[in-house]
Amino acid sequence: MSEKLGFDHVTKVFEGSGSEPDYVAFDDITLEAAPSEFLAIVGPSGCGKSTLLRLAAGLILPTRGQVVLGHKPIDAPPPGVIYLFQQYAKSLFAWRTVIDNVMFPLEGAPRARRAEQRAQCREYLRQVGLAGFEDKYPWQLSGGMQQRVAIARALAANPEVLLLDEPFSAVDALTRMELQTLVLQLWEQRKFTAILVTHDVDEAIFLADRVAVLGARPTSLKEIIDVGLPRPRDQFATREDPRFLKLRHDITASLLARSDGHVASV
Amino acid sequence: MRRAFVLFGLLMMGLVALPASRAPAADLEKLRVSIIPIGDVAPLFAAIQNGYFRELGLEIDTTPSAGGAAGIPGLIGGSFDIVYGNVVSALLAVQQGLDVKVIAAGTNLADPAMDATPILVRSDSGIKSGKDLEGKSIAVNTRNNVIWLYARAWVKATGGDPERVTFKEVPFPQMEDALRQQRVDAAFMVPPFSIVASQKGGLTKVGHPYSDVQPGVDVGQYIATGKLVAARPETIRKFVTGLRRGVEWYNANLASDELFKLISGYTRVDVALLKMAPLPALPLRSDMSQVKKTMDLMIENKLLPAPLDLQKIIDPLAL
Amino acid sequence: MTAADIPDDASIGRTRTGTVRLRPGSRAPGVLLIVALLLLWELSSRAGWIVSAYWPPVSHILAAAVAQLAGGEILVSLAATLRRAAIGYVAASVAGIALGIVLARNRALRCGLLPLIEIVRPMPTPAIIPPLILFLGVDDALKIFIVALASFFPIFTTTFVGVASIDDTLIQTARTFRISSTRMLYGVVLPATLPAIAAGLRTATSLCLVVAVLSEMIAGSSGVGYYLVEMQYAMRPDLMYAAVFYLALTGYALNRGFLALEARLIPWMGKT
């Protein structure tokens, strides 16, 4: 199950409070993730990448333009769009055990299906490598394990679109690689549309079909680069592929370039 | 975990449901009386204990209020039917426009030898009169009340100027300590504190403000609202009748063990301690001329701006 | 993924509210200090360093405490006080938690009610007792109201601040799962605020007992507060202090019970 998600001439302005001036997060962005596509969005810090995802999740509304899921404009959190936050510890429910966190998206359903759903959630936990940790509390787990819980919970919500907001930036390098591989495996199995926001160029290339590069403020879309690396990807083979290095060069250069097109010396 | 929670809830509910009152006796008219737990209200308790009120068809529920601060507000608020208070509080209440009436006399102090409310000083202080207290301090439980008024009157009566004496508020139980620790130079004390303090030595009685200043003063009073007196005159009459029988019993048993046991029962003061001071006889009727003297003292000390109509304040029942 | 990945949280000795839980064994000096002070008290009274009707030797107080317990008198008084404290506490909890949550989440109500609450909060209770007597009498209604009023503020404040300081990520996460507003309240906001609410409830636990005693000192004929005044006026300081001792013991037991309950019911306290 997957759905396309598009930004159609989207502008987002945050009203300044009191004497502060209004703040234009980004201006006139048009971008679309095709069904089952893995789209990465890279940009310098503070360019409003997360704001794009919050718009896609229906948590905030655009000032102008619209965000479209399938053929329907988004005006509230739509079904099937799930958000994976960077701060996994803050997005997990501390009062619920691991299994109950994963069950959370399913609890609106009739009680009769509860046992079946519980079994399903155990399976999700097994898929993310957390079999045996069902009855722990999130705060009893390491950071990487907590993000795995959040991933299992996202799976339980049966996502058509998964929004990944720098989900691996708060864990150590090795854990990050493990989680990247895990997300890729799950994406290949479930075929949801994935939109990843990151400032890590390597991560974007390793995971995505296309990489959208955003400029600094006022943020606009600079270019969209096709990755074209073969799948399934591998932490060693893919990263050692000469095309990977070329892409990293091009995208980094694009990120470092000033708006007049001049490339800063690296 | 759930069981602990349920237990906690049950405990709370149990406490909430705990019965607050006793079962009422059938067919008796109930009166709730606010009292101060001191010897002065012994006739009331004697009348209850001896069944005088019951014979008249009354059931008296006494509610102690240490110091009596809640008395008049509780009377006006309807919590009490009758309040045992003092003449100054009653007159002040009337001055404030509150509808209260004196329905029975409480005390009548005529003889200094029987007066257990002395002014005490340190024996080594050399203080003998109000004149000696000028520039010094005297402890009273509250300012602008009956104790304060008679302390001032005593200072004046013994040659001093009350304006030149500092009146310090000290609760009765702490007066002896304050005096011995030289935080005050004199203290106007009431039993049982005055009895204990004078027993221990080092302190001397220099006067008895009530009986020195105004022999026969009516300090204690039983007070009700005018509304209640008008609405239930028969009930009030029965109360006063029962109370008078209590006074008669009390006056006839002044030195008896039974009376001391009775007082100890509601004051919780040891009988041995109570026996150290004589009990004064108590009055059957209010004395209008004594109340007038108190009123004049209040005017003199600026507690009242002008005389009040005592005929309206003292119910004929009390006379 | 091994058990070694689980952070060792045995080192956590500090709760979210900042209270430090004592380890067993570290209490000995504290107990010694108390014993030393009590001995000093005994000595100062017996040797006559302090002469006062209200400074009886500790041994007299202990004897009085034993007699008090044997006679059952103190239990009757404590039960009356606890009953008033409990009713006021329950009322304050319901009102404090409900208003705390509602005001934190509803801007219009917040603007309407917060000024009133802020004005009532600093009012000293003794100052408002005379008008309260006029409306509530001198019996349980008055005493329970005073207890409820005093207990309300810590519960309300911690609830209000607790709701307001729930991390936005948590609410956003819940929103993306498209839960109903009822589930948002009972399934997310309430449990996320529970540690804060518990802190307020614990403060109120100690407070409600103290205030119940104070309220009983105004008038009436039952409860520890009345008993204390009665014994003071009857010149029985030994019984008075013994009652204070039982009161302190009750307060201590309530607090310990609360902490135990908290650890059982809110294991995530201080873990977010």
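Order as written gives the chain letters A, B and C; numbering starts at 1 within each chain.
Rule of thumb we're sticking to: a residue touches a chain if its C-beta (ideal position, glycine included) is under 8 Å from a C-beta of that chain, and two chains touch if they have at least 3 such contacts.
Fair warning: this is a prediction, and the values are worked out from it, not measured in the lab.
**Q** When the mean CA coordinate of each chain is compared with the mean CA coordinate of the whole protein, which chain is closest?
**A** C
**Q** Taking each chain's centre as the mean of its C-alpha atoms, which one ends up farthest from the centre of chain B?
**A** A
**Q** Quick one: report the Å distance separating chain A from chain B, using the average Cα coordinate of each chain.
**A** Once rounded, the distance between the two centres reads 80 Å.
**Q** Round to the nearest whole Å and give the separation of the Cα centres of chain A and chain C.
**A** 47
**Q** If you average the CA atoms of chain B and of chain C, how many Å lie between those two points?
**A** 36
**Q** Provide the residue numbers of chain A that touch chain C in the complex, in ascending order.
**A** Listed in rising order, the residues are 54, 57-59, 77, 79, 81-83, 85, 87, 89-91, 93-95, 104-105, 107-108, 129-130, 133, 136-137, 139-142, 144-145, 157.
**Q** State the interface residues of chain C toward chain A in the complex, per the touch definition above.
**A** 1, 5-7, 9, 167, 169-170, 172-173, 175-180, 183, 187-188, 191-192, 194, 266-268, 271-272
**Q** Give every residue of chain C touching chain B within the complex, in rising order.
**A** Interface residues on the chain C side: 51-54, 79-80, 82-83, 86-87, 90, 130, 133-140, 217-221, 226, 229-236, 257, 261, 264-265.
**Q** Sort out for me which residues of chain B touch chain C in the complex.
**A** Checking each residue of chain B against chain C gives 1, 4-5, 8, 12, 15-16, 18, 20, 34, 37, 62-67, 69-70, 73-74, 76-80, 172-174, 176-177, 180, 192-193, 196, 267-270, 273.
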